[in-house]
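Residue numbering begins at 1 within each chain, and the chains themselves are lettered A, B, C and D in the order written.
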Amino acid sequence: MNQKRLFLRPCTWVYVTLMFLTFITWFVGVNNLSGRFFAFMVLGFALLKGQLIGDYFMGLKQVAGLWRWVIFIWLALVGTLISVAFWQTL
Amino acid sequence: MKYQSQKVAKLYFIAAIGLFVGQILFGLIIGAQYIWGDFLFPEIPFNVARMVHTNLLIVWLLFGFMGAAYYLVPEEAETDLVMPWLATLMFWIFLAAGAATILGYLLVPYSSLAELTQNDLLPTMGREFLEQPTITKLGIVVVALAFLANIGLTILKGRKTVINLVLLMGLAGLAVFFLFSFFNPVNIVWDKYYWWWVVHLWVEGVWELILGSILAFILIKTTGVDREVIEKWLYVIIAMTLITGIVGTGHHYYWIGTPEFWQWWGSIFSAMEPIPFFMMTVFAFNMVNKRRRNHPNKAAVLWALGTAVMAFLGAGVWGFLHTLAPVNYYTHGTQITAAHGHMAFYGAYVMINLAIISYAMPLLRGREAANSNKSQVLEMWGFWLMTISIIFITLFLTAAGILQVYLQRFSDSPMPFMVVQEKIELFYVLRELTGLVFLAGLIVYIASSFVGSNEPEATAEGEVVAS
Amino acid sequence: MAQAFTKAMARNIFYGGTAFFFLLFLALTFQTHSVVPERDNHEAINDVVALGKKVWEENDCIGCHTLLGEGAYFAPELGNVYKRFGSTDAIKAFIASRPRDGVPGRRSMPQFNLSDEELEAVAQFLKYVSGVNSANWPPSPQG
Amino acid sequence: MTGMEKNRWPPGDLVIWIFIMAELLVFGVFFAAYAFTRTNHVELFNTYQLTLDRNAALINTVALITSSYFVVRAVAAIRVDDSRRCFHWLLAALAMGLLFLVVKGAEYHHHFSQGINLNTNTFYMFYLSLTFFHFLHVILGMIILLAVALKARSGGYSAAEHTGVETGASYWHMVDLVWMVLFPLVYVMR
């Protein structure tokens, strides 16, 4: 981490991305935008945010083996189940 | 056996097995009454026999737990019990009170027993598993307090191991939650709500701490695996047990007048309850596989492994089968519950008691480490006969339950309870026959204590492959 | 990393997790207390019902029957018996008519020799229980 | 931690990861239960979802992400042996956690003053159950962070040994992670 000075730490980039995605989600929410496109977009953002948190905040990117994928597997399972349920009603 | 005062455990273990025999005999009586409705009627009506069956179970398991505590606490704490005389005294008081209560059930009508023991002053009788007269309940509290004082002070004086502390927490929790048995409002919803604080928080809560610590003790002794490893897994397993089991109480709050949100909370948390049991199974087998030595008491190791497997099947799998609210809507209060109850109690609590008895009894009787080969072979026959019997009892009751659910609740034209009972009688016959095999297993088990006493001890054979 | 998995942390999680989930359970219990009065039919509780519950308990009825699905599975569910029988009189008549020596070859409820007051009370108790909102359980009137 | 060679275990004590997996499992099942129950009550869920305060949810999401970020900085600080900065970053994270509690508490106050409880309807049952369960996790996470912060202040951690900081941090990120799914699922998706 200290070999060369970066413009921003990786975690700060991640932070900015998380905030950006959050604001889009909020925007979709306050405008009551509904339907498959918006619902799956915010769900996709949520899963992406989750993966970023797992990789960069929890530091799983630095881990080898099965532990590396714990969060990913959880997100995939939860995302799939939510998608299946919402798909039928949107 | 390293400490003189451990000897008191022997009394408790012998009483436990004696009461176990009584429990099984009365189990056979009520099993027969399921087939021949007038069997022993009106001398011993079903409700009385069932009360004896379940109360004897609870009492003998408590005797077993106390015996286990008196045996393992001094050894873990590396000091004698502070008051061995109190342990002996409490043994006789508890045994006398227990016997008097059971005789009371059998000799006078229950309502006369209630009158005789002044139930009016503080009505606590007549609730499932808590049928004991109020005075007996108070006696249980006194015995529990004396017991806890004895154990607690011994631990305080000596070495504090994780096993000791977890056992003490389990026993203290057992005493604390028993206090809810004195709360009996007229409002049936609150009556039932807090009744489960005794029953559920015992068997799916604090008793599992007792189970875990006894199992850990036996594994340390028989496998020689590092205490550090076993103790940290003990913590993880009991943590998972309470995390899932406490809110899991909600699976009893679906249909008793409590709000519907319990259907969700109860389903979700109790669906997780098999996890700690599964961890326990994996843990026990792992420890035995990593053993540093072969212990000559193979029977004790068999019981310990059996506990891990059967607790998972009975409490974990059979519990899960009917724990989700939409399923439980149909299965609640049927033979499915009975099936689960039988295997869970046997797998978790009967077997852990028999495991510690199997481990400790040879030592208490003056052996170096184990009984003779002959005795152990017979004991293992007892193990398999009883265990396989309980599996079949569970399967037959499950079959009876599925039919009962369908005929009485699910089909387009539900039939009355008694009509359905006649239609599923075949399974009650099969259950009773299997019950006789169980009794045979129990006799073989007891016989194993009396054979081969003059023969040399079994020795550990074979080298352990270094892990 | 010295050790992947420490006993101290396992202990902390045991204590912390237990306390956490017990508090959660207490919170849910608190919530239950605020909702149950809407569903527990407590308006129906009076001295007669209280006596009825005592009669119910002191004859160990739960030793054969289930009540809202809890008890023994030897005899029919009684949480809905008032609805099944249709009146307290029918319940009283049934209890009073049990033969002292049973029915040959069949299950039979014992004759408890209840007084008229006790009979009335236990029937009223069962009527009260049938008014508890049990989330639509049992699935069939047969219990 | 040069970034090239990978670790065998995730940061922190492994037990916390077993605990995290258990927690994630419970939340996952809860989320799925919400989604599938909704399929039978779409109207109801859509109607009552509108009564939720999305602005409050936004503030809370921002608070948790920011808090998580501060915790990342706290871990980075202790890795270069800077206990003081580690402590300060943790304090900042705690402040963000407190903000979450205040905002969420105001939301609850609003609902409760309208007489809404777990039994009002299926949507509120899920909304209150999920958010309250999460709320308790925020409190637990803050207790853990506070304990870690106090130990950091007294110099209890170093660049060589700071498993405790990583353990607390991992748990806190889990609390954040769960909210990332909860927010769109309960407040936005319709």
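In this text, a contact is a pair of C-beta atoms (placed from the backbone, for glycine too) under 8 Å apart; a residue touches a chain by one contact, two chains touch by 3 or more.
The structure presented is a predicted model; accordingly, all values stated were derived computationally and were not measured.
Colleague: Looking only at C-beta pairs in contact, point me to the busier pair out of A-D and B-C.
Modeller: Ranking A-D and B-C by C-beta contacts puts B-C first.
Colleague: Centre to centre, by mean C-alpha position, how many angstrom separate chain A and chain D?
Modeller: Whole-Å distance between the two chain centres: 14.
Colleague: With chain centres taken as the means of their Cα atoms, state the distance from chain A to chain B in Å.
Modeller: Spacing between the chain centres: roughly 47 Å.
Colleague: What's the distance between the Cα centroids of chain B and chain C, rounded to whole Å?
Modeller: So the centroids are 23 Å from each other.
Colleague: Among the residues of chain C, pick out those that touch two or more other chains and give their numbers.
Modeller: If we look for residues of chain C contacting two or more partner chains, we find 5-6, 10, 13, 17, 20, 24, 31, 35.
Colleague: Quick check: what residues of chain D touch more than one other chain, meaning two or more?
Modeller: Within chain D, the residues that touch at least two other chains are 7-9, 15, 19, 118-119.
Colleague: By residue number and range, which residues of chain B touch two or more other chains?
Modeller: Where chain B meets two or more other chains at a single residue, that happens at 232, 236, 239, 243, 259-261, 265.
Colleague: Looking at which chains touch which, would you call it a line, ring, star, complete or other?
Modeller: other
Colleague: Can you tell me which positions in chain A touch chain D when the two form their complex?
Modeller: Residues 1-3, 9, 11-12, 15, 18-19, 22-23, 25-26, 28-30, 32, 34, 39, 42-43, 45-47, 49-50, 53-54, 56-60, 62-65, 67-68, 70-71, 74-75, 77-78, 81-82, 84-86, 88-89.
Colleague: Which residues of chain C touch chain D in the complex?
Modeller: For chain C paired with chain D, touching residues are 1-2, 4-6, 9-10, 13, 16-17, 20, 23-24, 27, 31, 34-35, 38.
Colleague: Under the definition above, what is the set of chain D residues touching chain B in their complex?
Modeller: 15, 18-19, 22, 25-26, 29-30, 33, 118-119, 125-126, 129
Colleague: Can you tell me which positions in chain C touch chain B when the two form their complex?
Modeller: By the definition above, chain C touches chain B via 5-7, 10-11, 13-14, 17-18, 20-22, 24-25, 28-29, 31-32, 35-36, 39-42, 45, 49-50, 53-54, 56-64, 66-77, 100-108, 110-112, 128-129, 132-135, 137-143.
Colleague: For a test of understanding, state which residues of chain B touch chain C in their complex under the given definition.
Modeller: Residues 30, 33-34, 36-38, 41-42, 45-48, 50-51, 110-111, 114-115, 119-120, 123, 125-128, 131, 162, 184, 186-190, 192-193, 228, 231-233, 235-236, 238-239, 242-243, 246-247, 249-250, 253-263, 265, 329-330, 332-335, 337-338, 408-410, 414-418, 420-421 of chain B touch chain C in their complex.
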